[in-house]
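All chains are identified by letter, namely A, B, C, D and E, in their written order; residue positions are counted from 1 within each chain.
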Amino acid sequence: MENQTAPVSAQDEFVKTREWQELMESDALLKVTDLQVHFQTERALIKALNGVDLLIRKGESLGLVGETGAGKTTTALSILNLLRRDIADTKDGSSIVFDGKSVFDMSEKELRTLRGGKVSMVFQNPLTALNPVFTVGEQIGMVLRVHQKMNDKDALKRAGELLEMVGIAGSRIKDYPSQFSGGMRQRVGIAAALACNPQLLIADEPTTALDVTIQAQILELMRGLQTKYDTSLLMITHNLGIISELCQQLAVMYAGRIIEYGSAKDVLASPRHPYTQGLLGALPSLEGPRHRLTAIPGVIADASNLPDGCAFHPRCAQCCEECKTRQPSMMHVGNGHFVACFNHGKE
Amino acid sequence: MDKKLVFRRLRRNPFFLTGFICAVVIVLAVVFVPMLLHWDPIRQSLADRFMAPQGFSEGFKGHILGTDQLGRDVLMRLLIGGRSSLIIALIAVVLQNVIGVVLGIVTGYFGGAVDSVVMRICDVFLAIPAMLVAIAVIAVIGASIFNLILVMTLTMWVYLCKVIRNDVRIYKNKEFVSASRVFGGSDFHIMFKQIFPNITTNLLIIGSQSFGTVLLMEAALGFLNLGIQPPAPSWGNMINVGRGYLTTYPWLAIAPGIALMLTILAFNFLGDGLRDVFDPKRQSFFSKKKNRRKPWKIRQPL
Amino acid sequence: SGPAAGAAQGTAPAGGESAHSKTFNIVTSDSLVQLDPHNITTPADEYVMKMSYDSLLDTDHKGKFVGNLATSWEFNTDATELTFHLRQGVKFLNGEPWNADVAVYNFQRLISHKDDFAVAINYFSPLVGAEKIDDYTAKMIFDNPYPFALNYLHQFVMIPMEANKEMGDQMFTDMKQIGTGPWIFDEWVSGQYAHFKKNPDYWDKDEYNSYFDDGYIHFVSEPSSAAGAQISGDADAYISFGGINSDVVPLYKGTEDKIQVVMNDMNMYADLRMGFPEGSPLNDEKVREAIDLAIDRQSIADQIFQGGGVPLSILVPGDVGYDSTMAPYEYNPDKAKELLAQSSYQGQELTFLGSSAFLKSQDSMEAITSMLQDVGFKINLNVEDLATFNNEMAMGKWDLMYATNQCINGDPFLYFNSRFVTDFMHSNFKNDELIGLVKKFNVEPDAAVREDLAKQISKWNKDFHGPALALANVKGIYAVTKGTTGINLYPDGYESLTHISWDPSLAK
Amino acid sequence: MVRYIVRRLLQTLIVLFFVSVCAFLLVRIAPGNPARLMLPQTATDEQVAMMETKLGLDKPLPVQYWVYITGIFKGDFGTSTSYHQPVLPIILQRLPVTAKIAFGTVFFGCLIAILLGVIAGANRGKPVDFFAVFFALIGQSLATPWLAVLLVYIFGIKLKILPAIGTGSGLKYFILPVLTGVVTVAAGITRIARSGMASTLSEDYITATYAKGIRRSVVNWKYAFKNAMIPVVTTAGINLGSFLAGAVIVETVFGMAGIGFLLCDAVNTRDYAMVQSLLLVSAFFITFINLIVDLINARIDPRMSLE
Amino acid sequence: MSNSIDYTGREPLVEARHLKKYFKLPRKGVLHAVDDLSFNVYPGETLGLVGESGCGKSTVGNVMMRLLPKTDGQLLYRGKDVFTEWPDKLEISKKMQIIFQDPYSSLNPRKTVDKILSEPYFIHKYGGGDAIAKAVRELCDRVELPHNILSRFPHELDGGMRQVVGIARALSLDSDLIICDEPVSSLDVSVQARIINLLMDLQKRLNLSYLFISHDLSVVRHISNRIAIMYLGQIVEMADTDEIFTNAMHPYSIALLSAVPRVNTGSKVARIVLKGDVPSPVNPKPGCRFAPRCWMSRPACAAENQELVETAPGHFVFCRFAAEARERAKAAQTYSLD
């Protein structure tokens, strides 16, 4: 059952193209290279991340899309070095460098200043990301107390201001999360994430659980903040619409790997990877004529049982022999647009 | 739940394994060993009083665990006492389960008046500790195996009923129940064919744990002279008698005490193991493989 | 002064360096249940009351009487009137004087409770009137000759008249015990302890002036706990009605230098009683004899009663009518089997009733059951708590019963009368010959004749192999910490703590 | 809040009413006659009948119940037939002993259990966790009478460092009884605290707390602690309730005159008023403590609405 | 591909008339989950029901399936009242079926797919084991479900598979109306497309009618012939799909449509961001329920009750200022496009 004898060869073979290498060596706030994370569960070894390369420049917003289980949340948690040590195994060779310093080399203390201070995160599920037994004031205030050494009173006061900023009455700091709706809770999470003016804000599907009108409010809010404080943003989502409205760069993830990267406009307008193409084709659109949706065939990639070669090949219409044995590297297709596909460009 | 996974977890859970093996050994011993021994558990022989366990006494007459204050073989009494304890526990647990499950399912499923009535009854039962009820009731109806079973059933179905009811209240709002309903499934069909299979693991766990509770309660009642009546042995009344001879003939109290402890331990281990195995949300000691490497202490690539 | 202080002081000097604490601590397995001095129901009720009250006369429980609040007394010739000459100059704690009015008041109170006070029902049912003769002379009047009255007077203490009239019986439940005794009842915490202070104005100070200033009687039902308390130095004595449980004796091993475990021979013994419900197999003499022969009394006496010995009959040494020439009970299981085979016994199940409340009853009953089964009886052993036991007994549906027996002051009157005449146990046993003997005995004022009658009765019973079979004598065990004096366990099971004191010369 | 409490108290009254009915019937079904027990064995049947009349036992059951229940509202819980005294003062006199055992047991039990459970839950798979699990399983398998007897033997008789008798009110008298209870209580609560802690620590909001840069010890002892305490409070309440209602075994072994012991006695002597009142008092304590527990939990966890 | 259907002269398959469902909340009041809902579903068409979370979409479905007792109103199936005129609950279950939102909780975790799919036949006493087994296999074929999954447990399937099982079960009794309660909202995009295609194929093949409940406007647009937009238990606008998307008139519909983020580089829509959250449906005040959040609310909105007005054939709007709203929205669009 356990698939521990993974094809080591595939890893070794994997060579980065020069352009990608250059891109990865360029100046950036956050650089993730070769991030590999495996989860050991009872059932199987889950290869959640298989060499993720990612970079975010200062003030830039990067969208990260991918189907469920692709490893988006795992990537985000890795950046804060928050994966549970007892179940998550970060492989040797993985590196995450924030502002010139590797998060894996940081001491506990440095990590604590990183977390919530320089990098903060909005969690995927607003219903579970707030502790139900503490007031929202306390939960926003704790960041301030830790990072800005505020006393209780000031922290609470500031928490109130932050709440106002995200559109909730400041007097509600004494309320408990259960007294808020999902959208408000997500805004509380955002308020806490913004408390210390982070250099990088990681937003893990901040609107998935929300209604359209509320989602619009939150997107509005984030856009405003980004222009105001010049915060870098890692926006994780399923929703290409959000990316198109909010992000400059876009990275598409499949089975624990980045398979396409480029400016959001480029990628959405002319997707190169068959998965990205499939994704766009599978989305019903809000305008124009209605075509039959082109569903991506096959099943969602199973991280515990990844195929050799390109992980997408069993579902790919353009699959060739090479795809079944070798991992494609990120190839430049022009204009800072990269794609990990041997048949890139062939339409 | 994945059967293979369950078996693997069972195999890997030392608590469960220990409990299971011990429980099997105890049950087998209690059932079969008395057939091999020729002692009469009730027949006393005053001349052979207080013989120490084998190895300690001179003139060993085959009393492996020695004899008691009336010259009866302690091992034999232990095993026979164990028989009645286990029978009481077994029947009481089964009855508790039947009552608890039926009432729990019915109240949880229908809610409303039935629910309020049964829950108020539960409240009344819960308002007096089981032990006190047992003392009062046994004093009233007298101690016999049948009455003990009755009392244990009477006092403990409540807990099960509440658990099952809460379980059912969760399940009845699941969409698969609605699905049965939109096909016109009868209440009986839904309660016992759709919902019931989902609570069986819980039953198994609670059942094996209440086994221990029943044994403890039986011992406590025996200790208060409200258990199985002498001269028939029970672990409770053996401890009760034995404590009078603690300084002089300590095995009289220690032997039943240890037997009781091992048995309950076995069933507690078993129950705990089952819970670990079936309840993935519960954080068991053995359910997760450890990974000692700290992610941030990683060799840098050369 | 809380119990904590007392208990703490009790432990402090256990090493023996400093003087012994002025507070005594006694543990007992008996329990005090109520505080009306006339309604004594338990042994503890009696000796607790006697700490703070005085009776008219006292006894050594072997047939000798000494004056207390009465200085002398006499019966009239047909023993229907008992006249007391009262002690002068005694006052109750509230200053009320002790005199004949008070005595008569007490007698009257007993009479008015003749259907609900245990003392009245048990011992003074013949009492019908009282009379004051002069200020210090009073008289009890019985409805028929009652020569045994003296034997039970020690259980009847004198309460003050004015106080009782004024406060009513509330005074007892409010714990206002106004007596004349050497101790002042101070506090009772039910199930835990009773606290006493020394009475500084005790009328008999010259005779008895305790070393202790105050003290506690702790009620601890659990024998090993009680013994543990004494062993750890918290208590000066451990005592219980009929003696403490012999099982705890081994606990005292190694404490011989500090604690003395006293083992008295008692005239208390365990006996087996027979019931005769309709169609009872026990009506067959052979069956009764088989039972008699089947029981290995010596084993029971040695193994269960710590060598208490086997009585010769239902009367034991110290009892009126004890006959030392009587042949001992025989143990012969083979003969028992034979007799049983010849008898009309058809293998009916005999119900063997007993109460777990009696000393050693569980073990004894199991042993007897086993012995009877060995010769071929079918026994249904039925050990009940006291309440159920009383109930089952009253329904008369039993064949054998286990009980203990003792003759208060060695006088078998109560025993004979209640057993063979009034049959309170509902044994349905009626034998005119025996009843005739007992009735004669009951009214016989001449001691020598009575002695002879008692002998006849016990012989009759023994020859009949029932309805009572003596089993084994109880060993009267109690433990006193060396130096403690004035603690007594009498042969009839009663204990006395009234004159507790401390003698340092005995401590080392 | 106030409304909630009032409503709960009313519910309590209903429960108590049913308890009183059950207790009333129970003692009366029991074989044995208090009138007979009050009198010496030698009493005649007429005397017993007279006593029954005096006690009101000859009246029909509903009348007896009515007398009993109306008495309660006047503060009269009846008169004990074995103590010849009103019941309530006796119970109140015995209560402190039981209360000391109960509070001592639950307090120390919780203290140990929470420390052990939280540390174990936060260090899953480590030796301390194994120890906690093992302790919990063993502790829950020990029969109280046996443990008590063993403790008496070891500390009271062999080592002689603690008094084996329990009637003093000094602290040392309570050590062994409390210790006996603590083992069981601590075992149960350790288990609950541990699994509560462990499951809390795997919640998203705890990861979110770490993501805010909060120190591990603060997360454990402040943020996760509060969540993990909810089931602990409930269990501690149940334990406190049942101990307050009578730690029968402990009281029996240590000869402590608490209300559990009193109940055993009262049942044996068919002291109707006493048994009824004791069961009622027990039920009162338990329902009252349940209310307190619910209030505390509602304070800890605002999701538990009081409605 | 156009979604338009010509309704003229057609009999509705199902007709909801003034359907109401109130929940009595202890001590809090009455929750108006569904308040006076009227709509028709015609044979072979899909009526999309959209609205924000908690607006009562599922409640409509549950009431129609008689999973909840209605408070008031009628539901006619081919002219006969489902609540009063259909004596047998087995009978009605053959007419209408439902696909649930959550493929995880809608399949009994303790039963194999085989057992799950045979349950309807079992309840309806379809015949012996063989007959049922055969029927189950046919069912699988109909939804292109491989037979080898029949012996599996739900947890061994992925979300898409499970939902297909759910669909198969809904089809088992050959019902002609299927209520789809957000059947794709918990699925990944790639799977979602497959399910939508399957539903549409089945509709074509079997001439099914769908009441398609969703909060995802693009999905609803894709699949529905007509759309009803709900707000707090009421339908605020109902029209043909294209009509709604090109010519929405209710202020809420306009805001809703504008709020959806679009994968689009060309035309931008002026976003109307509504303030505040969806208010609670407990004890709603009289007057327009949307008024507190409305971007053009007038004092009159709060005061008077309104009615669903047919502004164009088949286009119903629940707002007296609809025309004005439409104008302002149009103006805004041009403005932002500059």
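Operating definition for what follows: a contact is a pair of C-beta atoms (placed from the backbone, for glycine too) under 8 Å apart; a residue touches a chain by one contact, two chains touch by 3 or more.
Chain by chain, the UniProt names read as follows: A, E = Peptide/nickel transport system ATP-binding protein; B, D = Peptide/nickel transport system permease protein.
These figures come from a predicted structure and were not determined experimentally.
The chains in contact with chain C as well as with chain D are B. Chains that count as touching both chain D and chain E, per the definition above, are A, B. One inter-chain figure worth recording: chain B and chain D are separated by 22 Å, centre to centre, where each centre is the mean of the chain's CA atoms. Taking each chain's centre as the mean of its C-alpha atoms, chain A lies 89 Å from chain C. Per-chain CA centroids place chain B at a distance of 51 Å from chain E. Measuring from the averaged C-alpha position of chain B to that of chain C gives a distance of 46 Å. Among the residues of chain A, those in touch with two or more other chains are 86, 111.
In chain C, the residues touching two or more other chains are 224, 251, 385, 388.
Residues of chain D in contact with two or more other chains: 30-31, 124-125, 152, 157, 202, 252-253, 267-268.
Of all residues in chain D, those touching chain B in their complex are 11, 14-16, 18-19, 22-23, 26-27, 29-31, 121, 124-125, 129-130, 133, 137-138, 140-146, 149-150, 152-153, 157, 194-195, 198-199, 202, 241-242, 245-246, 248-249, 252-253, 260, 263-264, 267-268, 275, 278-279, 282-283, 286-287.
Taken in their complex, chain C has these residues touching chain B: 223-224, 245, 247-248, 250-251, 253, 296, 299-300, 303-304, 356, 362-363, 366-367, 369-370, 373, 381, 383, 385, 388.
Those residues of chain C lying in contact with chain D across their complex are 2-4, 7-8, 27, 31, 33-36, 39, 41, 115-116, 118, 121-122, 173, 189-193, 218-222, 224-229, 231-232, 234-235, 251, 385-388, 390-394, 414, 418, 422, 424-425. Across the complex, chain B meets chain C through its residues 42-44, 46-47, 49, 69-70, 139, 142, 225, 229-231, 241, 243-248.
If you check the complex, the residues on chain B that touch chain E are 1-2, 174-176, 178-186, 189, 194, 197-198, 200.
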